[in-house]
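Below is one structure. I have some questions about it.
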Amino acid sequence: MNISGYAAIIFGSIFVNNFLLARFLGLCPFIGVSKRTDEAVGMGMAVTFVMTLASAVTWLLYNYLLLPGAETGHNIMSFIMGNEVNLVPILKNVSYILVIAALVQLVEITMRKISPALYRALGIYLPLITTNCAVMGVALLNTTDAPRRFSFVEATLQGFAAGIGFMMAMLLMSAIRERLALADVPRSMKGVPVAFICTALIALSFLGFAGILGAG
Amino acid sequence: MVRSGRRKKGVRLREELTKGIFKQNPVISLTPLGLCPTLAVTTSLKNGIAMGLAATAVLVSSNFIISSFKRFIPREVRIPCYIVVIATFVTIVELVMKAMLPPALNQQLGIFVPLIVVNCIILGRAEAFASKNTVGASLLDGIGMGAGFTLALAVISSIRELLGSGAIWGYPISLSYLPAAVMVMAPGAFLVLGLLLGAYNLVMGARQAGGKAPEQICLCCAPRRSEAEER
Amino acid sequence: MELGFIIGSIFVMLGLGAIFGAGLAVASAKLKVDRDPRIDELMDLLPGVNCGACGLSGCEAMAKALLAGNAEPSECALIPPDVAERVAEVAGTDVGQRQKRVAVVLCRAKDVGRRHDYSGLSDCSAAALLQGGPTDCVYACIGLGTCADVCPFEAITMGEDELPRVDPEKCVACGKCVQVCPRNIISLLSVEKYVHVLCSSHDKGGQVRKLCEAGCIACKLCEKACEFDAIKVEDCIAKIDYEKCTLCGKCVEACPRGIIRDIRIDQHWPKATDEVTAAEVKSGE
């Protein structure tokens, strides 16, 4: 795979198909956490980290355990269950979420030991990453719902770029919401509703990226 | 007024069922939950209702199982347990949908059916309600919340489909203007949801005397907090 | 085929569960952070609001400092004396003398010139962003009351002179006003040392003379007047060393511009002492 292919993946995941503004993934923490810039950056970095790791591990899971041995030629369990068994539709949800939950727990344990300051800064947001649609979404988009079979590097790269795009959108939103807090908004629209209107406008501007990478 | 015990129970049960529809609607209330599918699949009424019913099925089943086994699940590992139960039911629902619904519908719903696993509503209700209440109440709660979710999706998707494609449930309606394609794309989704939330706040604010702007609190704490306020 | 599905599913899930379970168990054992159980006990006693009034970054930091002997329970502004004693018991320290601190705004901005007419968001941070702020002196209090807005204890009010007034009884020195002031002129200082230099300007004396009547011109008359070596002019501004200051008030008398003041009088603290010193009389002008 050449550089332009990788660049297309990166640009695509950050701008053209921004996970938050175009694919609607990761909205739950977006509204809850993006009120202040420092929280948004912290959450964004943690999510990016988990997304990259999750992309890598789920790719391995998909290619070496779930896909039938007949297709890939290297299913670890083929000696037990045979070459034709396609476990993907049955096990993808459960195994992917197990991977993600375990990864988040691992990240929490490691961070607590290595950087207690960062751990304290992220606080409750760390366990919330488990239920982040973006993490599970990117795992699915890399494997089962991908337009073509991705290589390990492509999948991990897409996970990383998706996280960066997510963080960028959260940063934009938090900067706007900080200023919005001082503005005179009608009482019923204060808070979440007007934040959504702003998101609509940002999403509208991001539509301008569509078509830059050619068809598809 | 003195109420007999049985009558009071009936009133309570009905309340469990209906609270999810308007007063504590998971999507449109104080802190919106389950936003990812709400915005992504509501491009047409058919999609919206399909997603709503799928999520309701998962919610009811997982509430049932979690409530039945609540005594056996240790507190420290409860969240992973709930998630695995929910994931199992999502897989079942997904396979059923793939088998029984037209392929076009399945394709439009795309990854959002598997993403029901991480839908904040289902995990939130499991954590806040099913783990603490009887099986019967949990079932009703699941039905109620699911109905509220489906209702919210139906409202949003009908608005978007009407304004964006000039149709309802696939049947074109002749409008005197060209439909705005942006409504079925990302910006339209955010716009409709924002305005709908504002309208909800307006209605709820009008109901409570002197209601102030609702404060946004941590999402996973929201059901717990409103539960405490109820008592 | 069907048997393959079942066997495959069971083995894959068992395998994953075993690997992750073992992995997490090993990780949590190997990366274990040794935590003194007394920390949790202390944190239960401490208020847990992480206000920062003690000067540390939250209640957990306070618990750790208590156990290390670097802090005393009385430094927590929010616990009553009986809880403080219990905390002292658990931590094995003395209760200590509470050193209450209050926020002091080090500026009097008397008639400081305005560069432009600011009409925008009524917020000091916003005003400070626009061309360096509306006041001629860049160290002056802008007066739009963001510190008063942000105070969770309603201890700050804006006076008629557009300067903040801090109520020492409500202020717990949480530091929110310090963080939010765009000019960084609010400091948390001990209540017991009530003589302060109410100016934060580092501009040279000649320039200050043009900008503000209440600005420090670094004339060093205070430095010469002090017998305890407690006040020095550094970087074009007078600074008090509170460890050496004995509150004698000589600097207050010596200052030709009346910038060094007794803030009990300046800020109209509720219980004024009966002693009237020359310093207090001068401050009251």
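For clarity, chains are labelled A, B and C in written order, and residue numbers in each chain start from 1.
Just so it is clear, a residue touches a chain if its C-beta (ideal position, glycine included) is under 8 Å from a C-beta of that chain, and two chains touch if they have at least 3 such contacts.
These numbers come from a predicted model, not from an experiment.
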Task: Between the chains shown, work out who touches whom and classify the graph as line, ring, star, complete or other.
output: line
Task: Write out the two chains that share the greatest number of C-beta pairs in contact.
output: A-B
Statement: Between chain A and chain C, the Cα-mean centres are separated in Å by 39
Between chain C and chain B, distance of the C-alpha-averaged centres to the nearest whole Å: 45
- prompt: When the centre of a chain is set as the mean of its C-alpha atoms, what distance in Å lies between chain A and chain B?
  reply: 22
Statement: Where chain A touches two or more other chains simultaneously, the residues are 90-91, 94, 98
- prompt: If you look only at chain B, which of its residues touch chain A in the complex?
  reply: 31-36, 39-40, 79-80, 83-84, 87-88, 90-91, 94-95, 98, 110-111, 114-115, 117-120, 123, 182, 185-191, 193-195, 197-199, 201-202, 205, 212-216, 218-220
- request: Sort out for me which residues of chain A touch chain C in the complex.
  value: 61, 65-66, 77, 80-82, 84-85, 87, 90-91, 94-95, 98-99, 102, 105-106, 109-110, 112-114, 116, 120, 182-183
Message: Which residues of chain C touch chain A once you look at their complex with the stated criterion?
response: 1, 4-5, 7-9, 11-13, 15-17, 20, 23-24, 27-28, 31-33, 58, 60, 121, 123, 126
Statement: The answer for chain A against chain B in the complex is residues 21-29, 31-32, 35, 89-94, 97-98, 101, 124, 127-128, 130-133, 135-137, 140-141, 145, 186-197, 199-201, 203-204, 206-207
